[in-house]
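Chain lettering (A, B and C) follows the sequence in which the chains are written, and residue indices restart at 1 in each chain.
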Amino acid sequence: MTAMAMLRRLARHGGARFGAVVVTTFALVALLAPWVAPHDPEAIALGSNLQGPSWRHPFGTDSLGRDVLSRTIWGARISLTIGFVSVGLAMLGGVPLGALSAWAGGWTDRLLMRTADVLISFPTLLLAIVVITIFGPGLGHAMLAIGIAQVPLYARLTRAAVLRVKVQHFVEAARASGAGEWRIVARHVLPNCLPPLLVQTTLLFATAILSAAYLGFLGLGAQPPTPEWGTMLAKARDFLRTAPHVSIFPGLTILLTVLGLNLLGDGLRDVLDPQTAA
Amino acid sequence: MRWLVVALAAVMVVAVVGTAPASKDTLVIGMPTDVPIFDTHKATGLHNGSILNQVSEPLVRLTTEGKIVPWLVESWEQSKDGKTWTLHTRKGIKFTDGTPFNAEALRFNLERFRRLSIGKATLAMVKTMEVAGEHDLKITTEAPFAPFINSLGYHWIVVYSPTQIQKVGDDNLHTAPVGTGPFKFVHHKRGQEVRLEANDQYWGGKPKLRAIVSRPYPDQGARMLALESGDVDLIFHVPPQEAARLAKISALAVSTPPSARVIWIYLNTQRDPFKDKRVRQAIYLAIDREAIVKNIFAGTAKALHSPGPVGSYGYTDKYDTLGYNPERAKQLLKDSGLSNVTFTLHHSPGRYLLSGQVVEAIQGYLKQVGVTMRVTDLEWGALSQLTAQPVEKNQAQAVLFGWRSVNGDIDSAIQDFGSAFWRPKGNNGSFWKREEYDRLLTFEQGTLDGKKRLEALYRMQEILMDEMPALWLYGEPQIWAAKRTLKGVEWNPLESIQSLHAAYFED
Amino acid sequence: MAPNPPAARGAPAGPWHPSISLAMLRLIAGRLATGIPTLLAVSICVFAIVRLIPGDPARLLAGDFATDQIVDDLRARWRLNDPLPVQYAAYLGGVLHGDLGRSIATSTPVLPELTERFLRTLQLAVAAIVVAAAIGIGAGLVSAVRRATIIDHLATALALTGVSTPIFWSGLILILLFSVTLEWLPAGGTGSPRHLVLPAVSLGLFGAGVLARQTRSGMLEVLGQDFVRTARAKGLPERLVVIKHALKNALIPVVTVLGDQFGRLLGGAILTETVFSWPGMGRYLIDAISQRDYPAVQGAILVFAAAVVLINLLVDVSYGVLDPRVRPE
């Protein structure tokens, strides 16, 4: 299927359309944060703290008088970074391992996949907490932790994709023409594995953002005053009664972003990879 | 499918109907934290005293004004050379296991305190202890120490039954502690509740309440909802913003008893960037303490204009010439020649009311004048360890610390800035020193001339307000709320309940 | 947490009934046996955690107030001066004897308290699974049967929302609605069945979403199959067709998903317990981390990981019993 045909099918898919709109908005807001945010996200103004939504502060202010909308916008930037770094790390570790596993076969394959299966069965949060326990809390460590937790998923995905491609004709042809093993993998096999990886990347991007929010909420991820969405909600708890808006808006934003990514991912799966469609 | 819906509906009905309310002779308390271990000699947290105090009792009690009230120890004499104290224990007191409380039991417990407690340094000056009679204990100190009896009033010095300790083992006292208090230990289900029942043989008379239950609600929102819904009868650490709202509810009463605690930030004057007085003053100028008091504490705290608690003897606000002035702060920083000042603040979350928010606010204020403050959160034990290091090894640059005055006199707050009190000997976490100050301190602690003493205290405050070895922030409020029908709760200024012996629910 | 686990399989074809044979039992035993190396691997990893943290392991395990004597005792007890294999043997020996060390915060052994906390978390997880199953399967069923109607779209949208909502946020919103505004249910703590409702719903929402999607797709597949058409042609009432024939088959992959979710629920419980002050294992772990109570952290992670392994094992075995396609020939 050509890229153009894929895009056309995607555009017709209702869920994917909605998801794409949400994701694009999220990415744009994140990239343009310094220009889009109406106030400095870290500027405190104790005199106007815990105010409800108003023209000046559409999302209200938090306990130190900071503008919640601006903090949410900058939070999008942080979440975008978290997504890219975590997923990037996971791919860096997982793709080569998966490809190796599929290509080598035998004991290596069995051992690697058994390990991956076991690791996948653990909740991401638990694995991330283990990494944080060793390295200490903080946004950087959180991204590392989430990336590590997602490596086995990518390994398994890559392996499945490589196995499928491995037996196809053009690989045989390449081998017959005398190309070296590495060349075959790099030039012919891996590029054809992209579709399923793309689907999962979108979904795992969502998981990464959620996991970072969870760690932030527990105090193990981004530390204040960093405006990470989860960290913002940890403090908001204390004011649930007097200022619920501080809890509602950042949480709603996480929900929308993750929803958009999930819809997009589902759409991609329906279009690109019908074999594993829900 | 239909049965599923019916089942769900049934579950919802059962869930909503709920439990019956506790009877009116049981007091249910909502605590900010769980009691980690029901053994006062091993206790560390601030709030636990409220519950622990009902089972085990102290030797003497201290009032807000600093007066000593005899308790388990009823009288004492100091020897002529000042080094030996003879304590007389109150007669006729029994532990709830029937064994008698006497001088031997007292000695046993003091030894246990000195062995196990984190506050053991309070009795570091004790050399020997000797039982001199059924109810008499002779304690000898290394050197004459005038406020010795005050030290005995330290809140973690309490008495448990030695027989019980021997019976269950020193390590397991917390499973079945036995004391002399108005209530007996029933059980401690960790994370869930502590239950006590009335000790009808209490030497002070039968308590009116029949049982006390304490439940941990670390989430302050949940804690307040529990009070409002009637699940608990009393809560403390009420967030100041909520105090006004709760006070309007007719079934509840909100109290703000005087608190002797003040919150400072010690600045290590032996390390950069705080060696320069101008930098210290600049930091002070950058923080708007009135705004903090007004907005974070909803006006229930009091901004400090002097190191001591507002209202203590000798307190004066006339030397606070700096106030809040970010422009001047920036100027002073420029004058000092340092740019991009960065430092780390050590802080123990959960220990002091709303300190996390205060720290974040300070971070914001300092950013406005170009200073970067990083925050390291440490659990209290680790923080104490870190800050107790002597000057050569002490890594801390700034530490948020609460101090209390026990005797209502500003001396007890500012005496620690004498150079003799550099950590670990005393509490001078600033490692600050000034000869004139030391001379004034010695003078005012020794003189009997009231007028001259007051002058000395004033001069000392003037020096401290200029030198800023610490940032004087605010006096902490103590806020608790309970059902209006609850009466007779005795408080002490350390944010804990002294005794529930006289507490009861009015009809 | 991926909203659709990659391992989800479609519904099997043909009518289904479980049966147990000797070959079946051998399969079960085989599956159980693979659990042991996994648990060993888990114990090695947990053992490694404390030794990877910068600092002297003896000091980390003893706490800041420990005297040098206590630290030395600990060093001797856990063989911290010996080579790693010896250390591991000492650690494993302790674990097998039920000795997980002493908590620094409470000076009491870790295991007894952990057991109690674990049961509390289990209570929460089971309640959440019940909620997830009830709402999820119900919604998925209705969705499939009323395919392409408003109800279907609504249910699908809700399922997707359930899967995208941060667990702690749904908890906060539920508290806002039912505790603060309506004052129907308590916002935290334990003590009565009422206290379990909001936490269970909050934790079960994600699973409900996954199960709804899985049930719907499974049912759609089954409803289009021959034996269903046959039953319909025979003139059987629709309800009978749906529940008796179709549902049973569609439920098999759902059971796998359910089992899969149970393991993930334990992770989510960490958040729910924090929001609702539920005295379970998750909160114990978080408190221990913030207090740097490393023996407690080590113990909690071990119990958590072991629980996940065992639950997944049980699910694996039960799946083997239920799914005819997995039967040995």
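Methods note: a residue touches a chain if its C-beta (ideal position, glycine included) is under 8 Å from a C-beta of that chain, and two chains touch if they have at least 3 such contacts.
Predicted model only: the values in this text are computed from it and were never measured.
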Task: A-C compared against A-B, more contacting pairs - done: A-C
- [ ] Could you tell me which chain lies farthest from chain B when each chain's centre is the average position of its Cα atoms?
- [x] A
- [ ] With chain centres taken as the means of their Cα atoms, state the distance from chain B to chain C in Å.
- [x] 41
Task: Rounded Å distance, chain A centre to chain C centre (Cα mean) - done: 22
Task: Computed distance of Cα centres, chain B from chain A, in Å - done: 45
TODO: Could you check chain B for residues that touch two or more other chains and list them?
DONE: 219, 221, 225
Task: Multi-partner residues of chain C (each touching 2 or more other chains) - done: 175, 180, 275, 290
Task: In chain A, residues with contacts to at least two other chains - done: 237, 240-241
Open item on the list: For the complex, give me every residue of chain A touching chain C.
Closed with: 118, 121-126, 129-130, 132-134, 153, 156-157, 200, 203-204, 206-207, 210, 213-214, 217-220, 230, 233, 236-237, 240-241, 244, 247-248, 251, 254-255, 258-259, 262-263, 266, 276, 278
TODO: Could you please specify the touching residues of chain C with respect to chain A in the complex?
DONE: 1-4, 6, 8, 38, 41, 45, 49, 52-53, 160-161, 163-169, 172-173, 175-176, 180, 213-214, 217, 260, 263-264, 266-268, 270-271, 274-275, 285-286, 289-290, 297, 301, 304-305, 308-309, 312
Open item on the list: List the residues on chain C that touch chain B in their complex, please.
Closed with: 63-65, 105-108, 113, 116-117, 120, 134, 138, 141-142, 175, 179-180, 183-194, 196-197, 243, 275-277, 279, 283-284, 290-292
- [ ] Would you pull the chain B residues touching chain C in the complex into a rising list?
- [x] 1, 4-5, 7-8, 11-12, 14-16, 18-19, 36-37, 42, 118, 171, 174, 190-193, 215-219, 221-222, 225-226, 228-229, 231, 377, 379, 381-382, 384-385
Task: Complex contacts: residues of chain A adjacent to chain B - done: 42-44, 46-47, 49-50, 63-66, 223-225, 235, 237-242
